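We just call them A, B, C, D, E and F in the order they show up, numbering each chain from 1.
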Amino acid sequence: MKIVVVNPNTTTAMTEGIGRAARAVASPGTEIVAVNPADGPASIEGYYDEAFAVPGLLAEIAAHPDADGYVVACFDDPGLDAARSATARPVIGIGEAGYHVASMVSGRFGVITTLARSIGALEGNLLKYGLDRRCCGVRAVDLPVLALHDDPELTRERIGTAIEAAKAEDRAEAIVLGCAGMADLAADLTARHGLPVIDGVAAAVKLVEALVGLGVSTCRIGGYAPPLPKHYAGAFAKFAPSE
Amino acid sequence: MKIVVVNPNTTTAMTEGIGRAARAVASPGTEIVAVNPADGPASIEGYYDEAFAVPGLLAEIAAHPDADGYVVACFDDPGLDAARSATARPVIGIGEAGYHVASMVSGRFGVITTLARSIGALEGNLLKYGLDRRCCGVRAVDLPVLALHDDPELTRERIGTAIEAAKAEDRAEAIVLGCAGMADLAADLTARHGLPVIDGVAAAVKLVEALVGLGVSTCRIGGYAPPLPKHYAGAFAKFAPSE
Amino acid sequence: MKIVVVNPNTTTAMTEGIGRAARAVASPGTEIVAVNPADGPASIEGYYDEAFAVPGLLAEIAAHPDADGYVVACFDDPGLDAARSATARPVIGIGEAGYHVASMVSGRFGVITTLARSIGALEGNLLKYGLDRRCCGVRAVDLPVLALHDDPELTRERIGTAIEAAKAEDRAEAIVLGCAGMADLAADLTARHGLPVIDGVAAAVKLVEALVGLGVSTCRIGGYAPPLPKHYAGAFAKFAPSE
Amino acid sequence: MKIVVVNPNTTTAMTEGIGRAARAVASPGTEIVAVNPADGPASIEGYYDEAFAVPGLLAEIAAHPDADGYVVACFDDPGLDAARSATARPVIGIGEAGYHVASMVSGRFGVITTLARSIGALEGNLLKYGLDRRCCGVRAVDLPVLALHDDPELTRERIGTAIEAAKAEDRAEAIVLGCAGMADLAADLTARHGLPVIDGVAAAVKLVEALVGLGVSTCRIGGYAPPLPKHYAGAFAKFAPSE
Amino acid sequence: MKIVVVNPNTTTAMTEGIGRAARAVASPGTEIVAVNPADGPASIEGYYDEAFAVPGLLAEIAAHPDADGYVVACFDDPGLDAARSATARPVIGIGEAGYHVASMVSGRFGVITTLARSIGALEGNLLKYGLDRRCCGVRAVDLPVLALHDDPELTRERIGTAIEAAKAEDRAEAIVLGCAGMADLAADLTARHGLPVIDGVAAAVKLVEALVGLGVSTCRIGGYAPPLPKHYAGAFAKFAPSE
Amino acid sequence: MKIVVVNPNTTTAMTEGIGRAARAVASPGTEIVAVNPADGPASIEGYYDEAFAVPGLLAEIAAHPDADGYVVACFDDPGLDAARSATARPVIGIGEAGYHVASMVSGRFGVITTLARSIGALEGNLLKYGLDRRCCGVRAVDLPVLALHDDPELTRERIGTAIEAAKAEDRAEAIVLGCAGMADLAADLTARHGLPVIDGVAAAVKLVEALVGLGVSTCRIGGYAPPLPKHYAGAFAKFAPSE
């Protein structure tokens, strides 16, 4: 089984970390290919960055037609619906994956993300996925995506403080780590804080494996119907859907 | 007051029709500039087309920094959140505009759109705007966006049938026309079917006028905070947010 | 265009202030007529006062049949549904107006009202309008309606404290001022607190202008159908609906 | 125990029928006093009629200060919140009563009302009471309130048809009769249609008895705090709250 | 009228206390029979205990076929749906009863329970009953069920602190006591804290009396249809439904 | 990895079928042990049967303490919360599994179950899992659980009719088969009806594999905290939680 994990930003160091996190949980027969677009933002921190990350994400999916499934490795799940229209193979976002896994091991979960500006987008996704009722709050640690690894001790401390606040104030029973850049912290935080701490990258890889193993495809009717063939003008002409 | 109405698809005939619909309701002192991107899909029919329409939409907004407000003239409201991050001036989507206006003149409203594949995206927006509780159903007439004007009689008949079904089966008290290409039909349908039929383009123009007249800007904190300065790679480098 | 702004309480000084706030934002061609009933409570602070304000409100609407639209200038929006049944012309409540405008310029808004006893009624309205999901909290400043102007400095300070709490604790991105008596504070508070602060009176005037400009009427079927002709006994005989 | 049942319309024949229905289920020690206002609409069919029924309703409650509890005997529950502010004694609306009872004997209930124009008001109440999730639909029989007794056979037939539709199409497991004028039909319909059919008048009487028996009062804080003392002008001066 | 109050745990001292609380509010003609199963947990504190309490609860209901109605006297309402399938006579849970009564005397209510581990189950019930929207929070006093009477002063103090927190932080207007073991505290707490404090045992008895007085049965279709006749193996053979 | 699949009813032929379905999708290294309790109902069709199936389910989990994860193989997910309290190893219900998988491959899914009496329980679960918003309806084929294999052609035809109705009337984009006895039909129905048809047994096995692969345990705080040590009386003494 081949899973293509697309980091929708253009920071290759982050793509490599995501690839490592994915490989760490992949089953023996699963090949992980971690890629990122050539065009787009260096990190995704808000709706504007998302907008310019999605075309590159879709390009990467189109460039790997032989994959058995795909992971969108940004916690905002940008372009997830478009990706599902573009291929019948399973596509899972790491935000989505974290929420579903947390729902299966706890009664209510909290989310810890990087910057407060992302909270609205995550809440919007939770609402859309129908899992907002299971989420007891999204908290931000106020560290930019690309700074998470600058001072690992500070990162760990901020996330730890947020987890304890989520337990005490929101009655969180599990935590979803809300950034692909936090992937390597989950195991340690689980042990330290006494509740399941879930990394979306790992969760998404296992859920894609599950869907592929089930032989289930993304539906091809309704909102995820394949794009209709039509003309795309200018710079995007190459992305035009054909018959 | 200058309002830039962006048709996010690249079909200029449609942009012209949208411009006409906008001018028909604009107040005396309002200048309407109707534009469309050079790059992107000829029509927007689903999530995939949306993804490739948003960069061009944002480019048009950036190209008109002197506007007092903006209209996103596609009923799916693609890129609305990104656009609001990109400028403090009011930005209104025509879907959003139609739903808000319908909520102020009826207890529950129905939506008539083109293709069934768009229903999911519209329902997602209604949920996010918090107005799903006021909407009693979205119905599709099964005509592609660019075919609406091919056979005006068929279009009118299909929409009429859908309106009557929404009245009888969903208890719709008002109708929102779910496509920028239906803009010229609202007045006639209102008279014919005995309930308010609302065109989103016209609604959006009047709501932008209202917001500009109020002197209200889009918030600059939370999810709509301006994008952080950062590197954008490759083809999108020119869109990179700067200080 | 003539807009009749009805202050549903009987305090004429407040009616005058409301009229000034309305005129300050009205478009050049808009005539504002600010009125209040002869019968009813001096201020509206809870469900009981509302009950005795509504007949007078409806009397004022009936007394001005030539208006193009109406504003119900009490933040509880008392009698809004009854008013919409009584006339096909657009009727907007100032609470409703504030919520809709805030929804179009922010992801989530807070509301600042006078007394805690009003919070339940406002939450009930938000639920009914379907905009409760966009509201992150209603806070009271614990000052009676008619005392807001007794000590302007205290009023401003209390509201300022509440706004900062709404930003910090509720992640409010915009604020709706929850009393017609706060109308003159919006601009200053917007500047001082760095987020859109919306006055309902101004918002309602601009939304009525928008609806009139659109040529949209209130629906005449369903819950807003005109009242059926029938006998009204005693003191209310004059209000009996006729054919 | 003395329960004052207020029919908020001014049709005394209906008040008498309501009184009979109330007495039929009252416990041995319960005295039922059925009254109606002198002023107001002959029947309540929509928001406008409601507005002019509420002052009279509150007058009747004020005129019977020695009651142990009150019933608002109109299915729209007009003025229920105001009544609760006006007295610490329990007040139950017959719509509310029917919904609560149905929730305790079924998983989902349907509502059968008179005219379609009332459906919106009932749905609004269900939403506010939090019981909309238990209601599977409100259906109208298209007969005016005061015509229910003109042709009893037609009334019974129309209601029977609606009940069967609610069972078949909405999976209703219980039915709430949505008009005080249907009170005498419940037992027969229960037997005929094989599911609990609940009359709101009877339900409200038993629930007031239950609350009085429990010694529970309506809360005096928050939205139901007693009205603040203040001046009421003109015709409503006599209703002004005093210390 | 005979009401069987089933304490689903096996602690007879608690059953006796529940019986006293039930008798204290029962109407003159009502006989209260308080029972508990022979088999099962000594107290119910979480989902696991619930699972082993339900068979005994159903056995007690089956053992008292001549009752006019039943109360499930554990605040988690364990087995309520199964009990309703097993008999057409009204069955009310004490959690359910408390929520419904609180909804009729306040705009929003808080719940005070014993251990935090029970909060999730109570929130699940509120969601199912559709009354979660009326509940402003569930708070735990961190005292086990069987310890409530060990140190009455501590119990009263902890509950008092929780009530004040619910008033101040959650705007609770009424309180539901979330454990059958708190039944004797309601009156005193009501007086002390100035808001209605409701005991579920008393509330359930009065609601069963109300339903029996109304002549309303539990529906026999849908989810509460009588169990189909079938084979039950082993230890549960005696519970097998027969024709 | 060892997964214990518990069929909570006592029909061993059904347990064998479930075991086959589980093994058909299990990964190479996964051992499937399919068991059922000795005590309890022959099939689970409603709340009453559920009540007597749960103790046996928990006994089976306790009897297999070396499993890496568990599947509750009844579509009502009976005892799922209790099972999660009883073990830190992942436990997944087949209803839950089907809903989560359907949510990841479609925008909205329908559910096809056996008897209408089960619909309420399934809707209750969907509400609790937070996935009711993604479900567009539950339909029953009116065939008892144990009759599904009596006339395979009839079963297939009834399910096929229900799927087509769900597509046409509910806009279902995926189908979850709502009974463990339908496990072997999924692949064929997927091909025949052109949308993903998901069997809960297979889905649950793959999700347990995913959770085990992730190294995620069920949370041990909040509602899923381990049961407190206490006395269990009589027949259930052996199930009493110990330190």
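Rule of thumb we're sticking to: contacts are C-beta pairs under 8 Å (C-beta built on N, C-alpha and C of every residue); 3 or more make two chains touch, one makes a residue touch a chain.
All values reported here derive from a predicted model rather than from experimental measurement.
A.B. asks: Just tell me the minimum hop count from chain C to chain F, counting one hop per pair of touching chains.
C.D. replies: The fewest steps needed to get from chain C to chain F is 2.
A.B. asks: Matching A-B on over half of contact pairs, by residue number: which of D-E, E-F or B-F?
C.D. replies: E-F
A.B. asks: With over half of the numbers shared counting as same, classify the chain E/chain F interface as same or different.
C.D. replies: Chain E and chain F contact each other through largely matching residue numbers.
A.B. asks: Averaging over Cα atoms per chain, report the distance between chain A and chain E in Å.
C.D. replies: Whole-Å distance between the two chain centres: 43.
A.B. asks: Provide the C-alpha centroid distance between chain A and chain F, rounded to the nearest whole angstrom.
C.D. replies: Chain centroid spacing, chain A to chain F, equals 27 Å.
A.B. asks: Two or more other chains in contact with one residue: find those residues in chain F.
C.D. replies: In chain F, the residues touching two or more other chains are 84, 107-108, 116, 119-120, 127, 133, 171, 222-224.
A.B. asks: Between which chains is there touch?
C.D. replies: Chain pairs that touch: A-B, A-C, A-E, A-F, B-C, B-D, B-F, C-D, C-E, D-E, D-F, E-F.
A.B. asks: If we count contacts the way the header does, which residues on chain A are in touch with chain C in the complex?
C.D. replies: 116, 119-120, 127
A.B. asks: Which of the residues in chain C come into contact with chain B in the complex?
C.D. replies: 25, 27, 29, 84, 90, 92, 96, 100-101, 103-108, 129-134, 167, 171, 173-174, 187, 194-196, 198, 202-203, 206-207, 209-211, 213-224
A.B. asks: In the complex formed with chain E, which residues of chain F make contact?
C.D. replies: Touching chain E: residues 10, 37-43, 45-52, 54-56, 58, 79, 81-82, 84-86, 116-121, 124, 127-128, 144, 222-225, 227-228, 230-236, 239-241 of chain F.
A.B. asks: Show which residues of chain A lie in contact with chain E when the two form their complex.
C.D. replies: By the definition above, chain A touches chain E via 107-108, 133, 171.
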